[in-house]
């Protein structure tokens, strides 16, 4: 039972609430390279765009830690932001707790934000340098919960103590640059959790923290997940870290999903050549370990003009003729485990 | 200095001044780099590993200066060279690969021109044609098509730029390459290929590489020996397999246990409490004492010396391996 | 369950020691402690701040320091700094009871007093004039005294003074400078009385001299400070009040509004400053208010551009995205997240801006535009002094130096503050 009832915040989960907290239906997000009337004229309506997310459908169940992994240009961070409706999709729909986010008015969306929050990668960049910690964490409280300064202070103090920053009033009036790096990420976590959201998108939350601090932060995040009944969308490029926290994982490449499934199954029985390569490439902190398989040739191509058919085909060790023509769809070849490869059966062997 | 040691520092101190006083980014560090090896220098942010790497070629950013210690390279005392003589050493004998290649490559110069110009600066007698030829060869060896040499840095990916940096070091026939977090900004597959490349170059060209990184996995993958730094001091040095199998310094132990291992199932990650000390006012005694699970009385009062532990050239700075100290502690208990 | 308490580590660990030391100490001490950390820049800012405060003080209370009011005709024209004004004075025998001209008055029937003057000098005319004036005053008085001196003219000052020494004349009227320059030694039996005209004969003269119509340069300088600073501050503040919100809006909202505003502002900015100011004052007419308006219009684009640029870059910062993600309204984001991060850049250029505005204001009045001639202003003094630069260099030099000093002080302060708030990365 979350003890932040002081906030008196109503939780969305009630009777008949869909099991899927988040659902994306064929979502695309294209960022045009130029904008405006002139650009459209000059390019005859087809302005070149970065196809950051190009047809992604997935669902996140309540209470799970859903990992979204990929390299740069995969579109994972963009998906994280689409889930929060920080910008609208170019195509497709995003559902949160059964509601189509595109149909909400600006005011409704604003209010809904108390239920979906984000933990950013860089704590220094995501905290307003001119706002005290107390104000920064208190702002979402002020917006969504109460304007009463006393109550607000109480709520902020509670969450500060929950993330392990005690005594809270020592941090309350400090500015971000006055506290250490390890503590700053806790502030970001505190701000994300203060309204007790249903969904937390964690965008590389520990990537910038020191190695010895990462474990502490991850443990904190998982403990709070249990206490506050959270659902995480864990966006990361680090498959080793994902292994320790995620229940299910999705692998993205160049704006499309390659593979989705329970983490253990995906890691042990990857069905997509890219997933295999990715898992193989992760450095293992054991000198006796040697990589067995060769790495795919080439590098990640531009997302402006992605390869036709299967995006991975130019680099794929098992690519055949039809891979350059037909886009593979996600197929469930193991229970709950989907792969988008024409020849996934071969990969699984 | 024995023949198989290419570069060595003894009791090196690198200081820089801040508004509040002098800070020792590298505090009394001694290290040998052997010919033909890949030495992994590992540690968390602020431990001084980057400063140490730059100090090896007396490259000082900001107000950092070597205030004490010896620096030997290939039998020569580098501390004796004047500032004017150092540029001949940098690049030609000691090459450097930085974390962000975008800022180390001239954005308004084509790659080919950059390579040939640098080559001809160090070897003026080489003709333009010969320089181009060498550049082409090397770059193909590193997996870049020669047409791409006529591009600008921003037209290349991160991985390719890093390869260009390596090729530069090779072109100048550098004996030692200092790679400062070369793969931190790279994707994991590109990183894997880059590390493979480093190992190949080590074999083929007899290249000696000092690989500075915070990523333990990278060190485990390519390094022959590993050196662990903590709070501007050297904590442990040894053969990579030995150190990983049997870490002696409690910091190394904690570090290795707190890194997620994708190949292991069900292991618990270790939590290291506390934070590294402020180097403005470092604690008396061992710097890791406030966080050490095996801390003894003497650790808080006196700094341990860097001594051999276990077999071979496995060295660590820890009182736990000083029999007298351990005995004294037991008798007090 | 073990709580992972992470208390705020001792100051030595988490925060830089000097930062926490500062917090424990009062504001004044903080200022002085800062000297250790900022070095030369601290002196830069300290000296210029003292200068600026000095100028502000003078601007607020010119009457306290200025010996005269700015338009008062206080002395001879074109008097060099420190020079004794050549005041016509009465020279009388040492034991004589006479002092002022009016003492020479005698009853109607008495013999007329003889007073010597040097032929051809203005002292004669002055004596005549003064005597007539005093005579008219006293003849209506009941004592029935008249002042009708018999004026004897001599070829040289020595002759006139010898006439007094040997009793031929009761007194002589010569210029005070001549008496001081040696005549007093030649005639030890004589002494100097009062001045005839009542003009001041300041010991040491006028500190910075007088101008072409007899006004004290020093007083005009001090009173001019007030005008300069009023123009400088007012126009900068008006420009800020107009430019900053427009810049914020344009940067934040973007789109057509941004393009339109930028077009207008860039057009204004493209004008050479002084010419635009001239055009505006020419249209509006001469007055302090119009000058302020003209200069303010000149600087609005500066604030606009800087604020717009800063807003555009701050808008892309992650913490603004974070504000959006917690559900803050656009107005809240603008107010709490963007504005506070944009304003420091404005504060710093304000100081330099004031300096520039003062310079432009002086330029305008130098050209004879903007201020009406009754207001004492450095620019006007510069213009007037131009014509007399060969005979009275002090007329143009001191106002010029004053302008330089004020502009320097404000610029130094602005630059010094920039260095302190955005230090170049000299330490790691």
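A, B and C are the chain letters, set down in written order, and residue numbers restart from 1 in every chain.
One rule holds for everything that comes next: a residue touches a chain if its C-beta (ideal position, glycine included) is under 8 Å from a C-beta of that chain, and two chains touch if they have at least 3 such contacts.
Not measured: the values here are computed from a predicted model.
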item: Top-ranked pair of chains - ranking by C-beta pairs in contact; value: A-B
item: Chain whose Cα centroid lies at the greatest distance from that of chain A; value: C
item: Centroid spacing, where centroids are CA-atom means, of chain A and chain B in whole angstrom; value: 33
item: Between chain C and chain B, distance of the C-alpha-averaged centres to the nearest whole Å; value: 63
item: Where chain B touches two or more other chains, by residue; value: 271, 273, 275
item: Chain A, residues touching no fewer than two other chains; value: 180, 182, 216, 219
item: Residue numbers of chain C (touch at least two other chains); value: 4, 9, 13-14
item: Chain A-facing residues of chain B, complex; value: 44-45, 157, 159-160, 187-193, 195-196, 214-221, 223, 240-241, 244, 254-256, 258-263, 269-273, 275
item: Of chain A, residues touching chain C in the complex; value: 84, 86, 110-114, 117-118, 120, 122, 125-131, 135, 139-140, 143-144, 164-167, 170-171, 178-180, 182-183, 186, 191, 195, 216, 219-220
item: Parts of chain C lying in touch with chain A, wherever the complex brings them together; value: 3-9, 13-15, 19, 317-319, 321-329, 332, 336-337, 340-341
item: For the chain A and chain B complex, residues of the former touching the latter; value: 71-72, 180-182, 210-216, 218-219, 237-241, 243-244, 267, 277-289, 291, 295-296, 299-300
